[in-house]
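Labels for the chains are A, B, C and D, by order of writing; each one numbers its residues from 1.
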Amino acid sequence: MLDETAKGVFTIAVTPFLPDGALDLDSIDRMVAFYEEKGATGLTILGMMGEAGKLSAEESVAVVRRVIAQASVPIVVGVSAPGLAAIKALSETAMDEGAAGVMVAPPSSLRTDDQITGYFRNVSEVLGTTPWVLQDFPLATGVQMSPRVCLQIFAENPTCVMLKHEDWPGLEKITTLRHAQADGARRVSILCGNGAQFLPEEMLRGADGAMTGFAYPELMAEVVRLMTEGKVEAARDLFDIYLPLIRYESQPGLGLAIRKYTLAKRGAIAHATARKPAPTLSSEAIAEIETLIARQEARLAARS
Amino acid sequence: MLDETAKGVFTIAVTPFLPDGALDLDSIDRMVAFYEEKGATGLTILGMMGEAGKLSAEESVAVVRRVIAQASVPIVVGVSAPGLAAIKALSETAMDEGAAGVMVAPPSSLRTDDQITGYFRNVSEVLGTTPWVLQDFPLATGVQMSPRVCLQIFAENPTCVMLKHEDWPGLEKITTLRHAQADGARRVSILCGNGAQFLPEEMLRGADGAMTGFAYPELMAEVVRLMTEGKVEAARDLFDIYLPLIRYESQPGLGLAIRKYTLAKRGAIAHATARKPAPTLSSEAIAEIETLIARQEARLAARS
Amino acid sequence: MLDETAKGVFTIAVTPFLPDGALDLDSIDRMVAFYEEKGATGLTILGMMGEAGKLSAEESVAVVRRVIAQASVPIVVGVSAPGLAAIKALSETAMDEGAAGVMVAPPSSLRTDDQITGYFRNVSEVLGTTPWVLQDFPLATGVQMSPRVCLQIFAENPTCVMLKHEDWPGLEKITTLRHAQADGARRVSILCGNGAQFLPEEMLRGADGAMTGFAYPELMAEVVRLMTEGKVEAARDLFDIYLPLIRYESQPGLGLAIRKYTLAKRGAIAHATARKPAPTLSSEAIAEIETLIARQEARLAARS
Amino acid sequence: MLDETAKGVFTIAVTPFLPDGALDLDSIDRMVAFYEEKGATGLTILGMMGEAGKLSAEESVAVVRRVIAQASVPIVVGVSAPGLAAIKALSETAMDEGAAGVMVAPPSSLRTDDQITGYFRNVSEVLGTTPWVLQDFPLATGVQMSPRVCLQIFAENPTCVMLKHEDWPGLEKITTLRHAQADGARRVSILCGNGAQFLPEEMLRGADGAMTGFAYPELMAEVVRLMTEGKVEAARDLFDIYLPLIRYESQPGLGLAIRKYTLAKRGAIAHATARKPAPTLSSEAIAEIETLIARQEARLAARS
């Protein structure tokens, strides 16, 4: 079961599809193996970049089952939905299947602090004893949660054990939360998203690791390891080599197609297909990705 | 099967719940009977005011089955969902159960004309031969569709047979669409929403009726009938008697609670319960509703 | 100077233009006389419906001068602007010219409670001793202020003496604020907007009057008077006669054109012109307005 | 006068303030000299990152005068405002003072294609013969303009001579626009924003240069020069050295404070002060910037 001590890299997993748009369950097996081999200490499935919203309820359950059957690391299942009944239904299924916890983002209709904290009290009630991750991603949800609101959610809901941090900019938020926790507030795990664009700074501010889906999980695992060992300059040197591609993959909307292209190229999934509606990569975009990967490999080679 | 000739009043049905939040399937039977007795020529279920987003996939299917088993008028099923797979799954089930058609609103992420028309081409493709209603409700979705975009959607998708019109303000849109159709564009049925606040004007602009859920469907049926018969002043006189309550029920957010309170008071459903998260009525609000109903009844009585 | 005891009807004044779009300063004189004659106890100028955003800085000052020169009631000047410097500049000019206070709405970029309260601390600082009105209009600004946030703003800023209430729905907010004030919170004046659509209920909930621009200010003055005297049924009877037109004028976007048409028809301003970009009334819309006015007059006549 | 052949680097200039928030006109002189010395071929003032919204009308004019008096490169003046009268007033002043053109972003209320193109026809009309830049920055404005809408604006308004491109992701938009122009559409200059995060790719897609405010304009000038000369790898190598800081400065909201800190450190302006409301840099943030600059300098030194 997921708890406040979680750390390392929880990779945001993609959902593999066949070229005709059907679920590619076979690719799930090799994808899970790939992520674990590259250093993932956990996996988060059915998140936004897992195209969760494009799956039917039955398909979501099929993905949960297949991933958990294959994985040896803890699995967090994204259960965000327009209503509490759907959240409850998928959460119960996921936990019955062996998930370590679930993740919930606020619906975009929430505005005031009271609306936000009230919503998560309702969520927590329907989740019962299931540990859950608060996803804080204002660029995607439009919901801005101040540090005070986050702290109130942690205080009111003991089953909220982790913050998926992707406020942007969010470095001060990490510092503010860690200071509050040093002053007695309940400490939760903080894993950071946003495609790892700020991972070195996030670790230095007090994060426990990353929860994002950059197609080179080994970079994230290595930066977290080096940072944890105090090898800050080595972590930065490595990070900078990957940064041009991290930046490129972080383009909103297009990012998923870029990530799936790279994962397919690396053999983690059989096809780069995303479900409609989804952007496709132009030949120019593919050339750009290939150039960035080639330069990245050359710099990694020059380094050793 | 729903087609472009649909007219009259398609009542937006609420979803009845027991006080503990469970589905109240028994109330569905009496609610359907109530709506039909009050003049509904069709019903639309699982819309926004049907709390569709708060149901699990299984519950949605249960509601569809029960309504269709009880109803003798055509049933439109709201199938809006974050992804096409869920839209497809619920639509197929609904049509298999005997629905007349489905209704789809655009997801709030759409902005440009091209994004909107592209989305509905995708929707139409997954719906196959199922007739569908385009829901145009910018206050709720944030998506603004110009008349030109609506006309393009009608032209590109022959299975789109109806516009649920609730742009706001939207009277000019009706006129623009009807003029375009007089000039050769494909004609679709236009039924109007927004709680019937503009029903007399909408009918005069060329609407075919109403698709909304004001708790006195007989008012809508009677206004549509009188207008169709050319008895405009009589329609307006009747409308004005109900307008204070129409206005009160049209409050965003709170409207559902007001509507369910009134329907429960009228015996159409057993309980006014809405599923969490939902606003509740204060004692002041209940007093206001009771006052408005009493005044409405007095004016109706004085009239006869 | 405006203070917490303000009550009655502060009419939101339009800004009159000549047919070519230039300021119509002569019409300001007769408009002010019209509003006062119809019972306004104050005027609010340069609000959203005063097309403030469409004026240059010089034109805004010209309007302020002309209105204050003509008026015998207190004048509130809308000073909302993207930045504090512009707010400060216009406020100082307005107060120097003899305004009673200013009005400020939150910029649409604000989201969290802390951002909102922080913004108004900054506003209050630049305004110095100038009394100001907090405009709470989420439909237009996108900023939702919970009752707690409003109370915090009143507590932190003693120069904030009034709430222009147009949250929607907002009846519960009035009750909540008045209860808090009964429990010791600082009491401010509450004048209500939203085109007077809920004026009877707002008065019963504890409002001190109206601040909105419905083209028949005498209706608002009379409802406020009757309510204050406890003649609730008489107030409601009168209100219901005007409600069909109130509803029609309350259409977002189009409302300004409707209001200016009616004011021009009534002789309050010379031309119905609104500055571009602005919607224009179709012949159908004009016919609808004329019908509503005719019916309103017939019912008023039948009543006496 | 600005025209469709503009290229190179138009630096988005900050507006310097004294520690008490007053305009720092003396710093304007050295800032202009700094930007020109570092390779700017033009300057854009009073943009979003120029804190235009925080200036009074008088202050805006003072900045325009001082910059133009000092500069030897063409000056573009941001004139976006809530209304056309303010746009017209500032534009006329700017052109009278010697500006080369003006820049306009769409107000956030625009949604449909027709609303957007209609708005810019109005803008073009009030601007008369003044050449103008279309600012396409959906992350800030919320307005999404499809390539088709951009092309329509260029076609309808011959005085629109440049696109400030900062859609995001926006690489495909450059390609689409250039293809359309190869097929006969009117060609305009495209200068790219977004803090130069995608400058190498943007140049390869067909951009004419950059219009953004990264605190090392020499990087932008050099990348544009190298790309123009076909030295793509050299451009990328240089770009990658600056990328960690480019990324850090690109944080929304906080970016301005980071940029001003760096510019003050480099001697381009006397004080890093931004006008309230503005974020301030924590000691952690300052340490992060200093680290990034030190690493950048070390890598630049190692390269020569």
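Operating definition for what follows: a contact is a pair of C-beta atoms (placed from the backbone, for glycine too) under 8 Å apart; a residue touches a chain by one contact, two chains touch by 3 or more.
Everything numeric here is computed off the predicted structure, so don't read it as measured data.
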{"item": "Interface composition of copies subunit A and subunit C: same or different, split at half", "value": "same"}
{"item": "Computed distance of Cα centres, subunit D from subunit A, in Å", "value": "33"}
{"item": "Subunit B and subunit D, separation of their C-alpha mean positions in angstrom", "value": "47"}
{"item": "Multi-partner residues of subunit A (each touching 2 or more other chains)", "value": "none"}
{"item": "Pairwise touch network: line, ring, star, complete, or other", "value": "complete"}
{"item": "Interfacial residue positions of subunit A with respect to subunit C in the complex", "value": "111-115, 143-146, 148-149"}
{"item": "Complex interface listing, subunit C residues touching subunit D", "value": "51, 53-59, 81-86, 88-89, 108, 118-119, 122, 275-277"}
{"item": "Interface residues, subunit D side, partner subunit A - complex", "value": "168-169, 171-172, 175, 197-198, 201, 204-205, 236, 240, 243-244, 247-248, 251-254, 282, 284-285, 288, 295"}
